[in-house]
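A single structure is presented below for examination.
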């Protein structure tokens, strides 16, 4: 029901610019996820959209109307705060009912909405407790419940699931997805650190970094075709391995010599003038397969193994080449006793990314 | 340097028993992870170990000495609080230095320790800020830093990474693992909701549920041989699928008829008297493979697909049988257009769990 | 916090003891007042209140009887000194403990009790511990008996007379009610007005906010005396005159700076997130104030209402100026000061009693408000 | 009983009136003057929000300016005139005040009071608030310490006469001295210079209760986790108090300090009844009372000097407020 | 309120009452009076008012106030003054008269006072001030007088010790020295009175002044006609110093400066006596220990005048003055009522009331001692009003008090004391 448009938005705390040049169009019904390193300004941006922080530059439009100066209560938004911000003197039920009471909803309506939210969030036993008698996760659920009971034009979620256990997180995530589906018109903006959340929920992901937007796109776009090294490393866990090398073949496919550690073949196209340039080759740990044929890429000694059950992480020590000095591979199955062995890894050339000066070859 | 022993520990808030019958031996140098659903008492147990909550029943021993009545400061522990608990009137540096100042460490020593922690946690630019000018993740890092700068016998972490972004989380997790490795004698207890954290860090995992301990064991033990349905579903994400059925063959291997949805073959041994019993069969989503031969297990219609990049989640609708009414399979690669198709799944019999009355057949 | 394990008991004991000592130190003067309120003025100024519960040696005088029986060439007067009217005024119940006696005011305890004193001129006198005496004189006693001074143990003397006088004096009940009539609206109304203003000063953004805060602090120090004349004049002009209405307005206004100041400072400390959350929830400033700020400011509201209540309760100045001086509108303080204490004041027994009578209600208010000064009102609300 | 009814009615009308005023004025503002509708919705909302603080402030400001600001201005003007209200003397009153020994003495004493009393009361109040915080009989202890607050100044002075009187039969101090064999009774309110402190003790005795109540509320507002964290960090109770609790309630301490300072600058009753300003104990408020209703020019001049003394306190408060507002 | 004595009974001047009642009728009218009398005094005054009400049908609201001086200033300035205010201090009344807040009384009243009061002219002069217009008029009606030149003692202790009541000022000094020589303490002095601490000392100075200088000098002194540090004043202060010397004051001079004046006479009645003499006004028996009977347990003598010189028997006194602060017919009627002997006799017959009204019947006094007091008043060759009450408030109720306290403690000499007061007074004049 609401579209948002941010034009050249910026935020400064005194002389310090926290955000700059934020340009973003959010369509009605989208679920946008903000991701980015801690402290990059996600909460701040969300708070500016909510109207809780003054926008120090640029304009914010909701449904085409500039709302820079409209107070939060008039913007038709609901927000889940990173710090919960529960009303300490109200019980869980009262906390959730508050916005509805303010909106002068009927008693029955309020009760129904609260009951429903409590059921979804498994809060029924706690409806009469005060926030101080709740566990961290329970508090967070109340905060989410408060947003759910309302029916705002725009939902803002600031890391709503960070204190929930896995099962509940999945359940709540699905709940949010269904909520979204049930109200295709409501717009949601969601801040998270959880890759899975970002990937599963988002219609588009906004990657924030260094005070600005790094890339905007659908989850798969970001995963498969990251625009720059930052996004490439930020999306996906463990992050993409980056290895330095020199271009030895250009054209439809690019071949990079990994400074003696191997050769990488990528289906990313390159220009003739790239010949001999220093680039970085990126491969996601999960894109590695053991032993490659011709498209040999990398071989190294296993340093640490981490068994996660279904997959195992292998950490390779590298002499040079890899930017982070460790290359990680995620191989299916259990590989417990590989420590100390030398393993050779390969990868599908379509999944080998090449970055020159930090930018992907795909995006020039 | 410290071993812990909990004997029949319990905690009651007034008439409400939050924890009961907690028996646990923690060896020197272990890294124990507490997991469990939100509100199950993880924080409470941690606080009891710290001495911040009175133990209302049972005994807690550290290094063989009963410490029920020893004040927190004498227990030689450091704790990272779920709510950070930063000193609002001190800068980041002062927050971290506080414990050392109290301990009358030399100035240089303090400075070195703070610098080191700030470097690890990427807090250098913020050392002179007050907590209120930090983002959620930054605050959390300061809280961790406070524990790191000290060198306690026992570390207690209450969801220390929940507000960190993926990259930082991995980094900090590895930092903690290295910290642990560098100090093989220090004992750590760690509460988390993150499967990966639990699996990678823990020497043993304690699953808490319903006010008691559900299972204790190494991560792989819990993953591969869960003692009961709860642990089976709790460990692993998405959780293990449970499907109802009737035992049709007993002995070295057990065969279960899944009420018309398929047949499951498990290498779990069963007794003759199990014949015809109603049981539940558990298969982890990632243990499914597409199309099975003889050990046919399950076929259903794909309802939703979620592409996570490296893998895809397929959600199957079931008419009956599956306890949660949905069966989830995690298949490698991208399967975007499978929605609506009927897919047949199989699984390795050694990875097919059978539960009778909630308990695994393995543990009788 | 109460849950923390292994608090050192030595420390707890130290706390108990030091608090006990502090309370004692604080209480001693008040106990003095309490004890004094049960004594009459003469006693108050004669001996320390801490001696009140004990028997004290009191020097008194009386006269021997005049009827004498001849005994040889002497006349003997016997009797008990406590039968004498004058002696009775010191010892209404007599005493068994006459310690010493004498016959001159200069030296009233010249002779120990029971010892026969030779008074010269053939006269002798003995006074025994129980007060019985024997006076021998060669001449027939005249119309005035022999003067006898004596020192005896006087039992502690307490009286409810002061309370009787304070509580049962004419119109005291009325004055008590009047005081309530003045104090209650004068406590409640300023809180409400000040709370709104405090909220605006703490959480609303507008130009001149800092200046207004400074103004409020500045006005705290204005001596009331400056305002009395102009304000009474104003009340007269607008027709309120001297009336309850007038005093309510005056108390409200005079309490305003402290109220705004205390409340603003408290409110400014509330967590920003909660207030923002309510704003996002659609609460207008008005609703936000009523439903979030007020309940969370309970401790400050309670603290201020205690003080405002105390101040209006004990106020004499404002009441005298803004209330008519007729009996129908006298409040307790005025009643006590003007009617009970007598022309030149200084009836310490009454003063002590009045102080004690008037302390009772504020203490009840304090006790009942104290529960609102609660711990952890904000607990669990934010990380 | 009609007065009572009148009182009840007033409470109703007063409270109802206040709420009514705030409610209605808000509504009028939002619905009638600046309706959030139509083409000007955004602008109207902004305007309404610019006006609203003043709506909230109006009753308080109105009363303040009528009952306090206006008299202060009047007083200032009056202070420019002599004993006779027609005789304009300019700053004459101030000049002659500062030239007078008595005034200088009062001024000096007042500075002593304004430093010592708030410091001691705040400290004692903080101490009591902290010590009684966890005590089972803490509430009782607090009530006892609070009791002096409920006693009128005159009653309090009376009480302290029984402590200070220079007769060992009446004054506690001299009784103790006598019991310890110190010979002649001393009149503590006549000991030069130190007598000021004996008088201050009375106000400290009273004001500690005030400080205690406010500070105890503040202490209870400190997030428990920070205290727990400090306990784990090994802080002893002493460090916990001075390094964790006190800094966190600093704003409240400033409030208490300010309020007591201001009380000090206003209270004349103690000096008035204990010594009548004799023996070198005069302070500004009691000095002012010497002139009040006699030489209003001079009395108002003293009042304004008192107000100037409070400037540093005002300044520190404004700074604190600025800090809170970021 | 019931009439204290039924009309027609006793030695009262009922004729004057009857005549007044016949001539005045104010039914339905109300007048309000405020004054300094509270507590018992309030009741006594009310018993007088009752006769006025009975005679005229008017209603009188009297309210007494401990802080009368402040209250009357506030209410006159705020224009809510009562009809009549009873001033204990002429100084304050003069102030208000000068500001036009008091209505002058008629010339007939002035004439009546001159005629009917003992030393009438001095009373009329005392109550006449310059008004707003600068013209001197009678502004108040004096009623109820205190005599201050009294020394209280315990007759029995005197008898036992063999002391005689001194007849002259020299005798008084001799007695003082004798008592001292006998090992006793002659005087009890207490200056403590809260905010008003020091006033008893000013009474001493005034009495001594009247005994050492001409009345005219006294008048000049109170009106600042001579400087306060005139040597005659310094001399008077030094005379007071004579009585303060070590061994002559109970507990020493420092203690005297801070002993409450209400508590200090108690020394007369203890055994052994803490002192033998106490100089204080007529009202002091109120503060004697309970049960003390004036005339038996305690008595007084006139603070004697020096034998030498021709100053006669000067008497120092105080008193209250009725002034009209809001005029009305009934108000005037009330002032006329005060001119009837009965208005004086009613209060006289009870306690603590002296009157210079010659036509009042002294037989109604309840005791000889009160009659004697009244005699002191009526026999006075010179009557002077309390000087400090005549001085401007800052002096008479300010500097004079506090400087006398400083003198009494011994921390400054007489010259300094007088100089300090003079400095304050001189500055005020500017």
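Just so it is clear, A, B, C, D and E label the chains in written order, and each chain counts residues from 1 on its own.
Everything that follows uses one rule, which is that a residue touches a chain if its C-beta (ideal position, glycine included) is under 8 Å from a C-beta of that chain, and two chains touch if they have at least 3 such contacts.
Fair warning: this is a prediction, and the values are worked out from it, not measured in the lab.
Under the contact definition, chain A and chain B share the contacting chains C, D.
Among the other chains, the CA centroid farthest from that of chain C is the one of A. Counting C-beta pairs in contact, the pair that comes out ahead of the other among A-C and D-E is A-C.
In this view the innermost chain, defined by its CA centroid being closest to the centroid of all protein CA atoms, is D. Chain centres here are Cα averages; for chain C and chain E they lie 32 Å apart. Centre-to-centre separation between chain A and chain E, using Cα means, comes to 94 Å. Separation between the centroids of chain B and chain E, computed from CA atoms only, is 94 Å. A separation of 54 Å divides the Cα centre of chain A from that of chain D. Counting partners per residue, chain C has 4, 45-46, 230, 284, 316, 376-379, 383 as the residues that reach two or more other chains. Residue positions 52, 71-72, 82-84, 136 of chain B each touch two or more of the other chains.
Looking at chain D, residues 223, 228, 231, 289, 292 sit in touch with two or more other chains.
Per the contact rule defined earlier, chains pair up in contact as A-B, A-C, A-D, B-C, B-D, C-D, C-E, D-E.
Against chain D, the residues of chain A that register as touching in their complex are 65-67, 69-71, 74.
On the chain C side of its complex with chain D, the touching residues are 1-2, 4, 11, 15-16, 18-20, 22-23, 26-30, 32-33, 36, 44-51, 177-178, 180-182, 184-185, 188-189, 192-194, 196-197, 199-201, 204-206, 209-210, 212-223, 225-227, 230-231, 234, 244-245, 248-250, 252-254, 256-258, 260-262, 265, 268-269, 284-286, 289, 299-300, 302-303, 306-307, 310, 313-314, 316, 328-329, 333, 348, 351-352, 354-355, 358-359, 362-363, 366-367, 370, 373-379.
The touching residues of chain D, counted against chain E in their complex, run 83, 85, 92, 96, 100, 157, 166-167, 185, 187, 189-190, 272-279, 286, 289-295.
Contact residues of chain C toward chain A in the complex are 271, 273-274, 276-284, 287, 291-292, 295-296, 376-383.
Across the complex, chain D is touched by residues 50, 52, 71-73, 77-79, 81, 83-90, 98-99, 102-103, 146, 150 of chain B.
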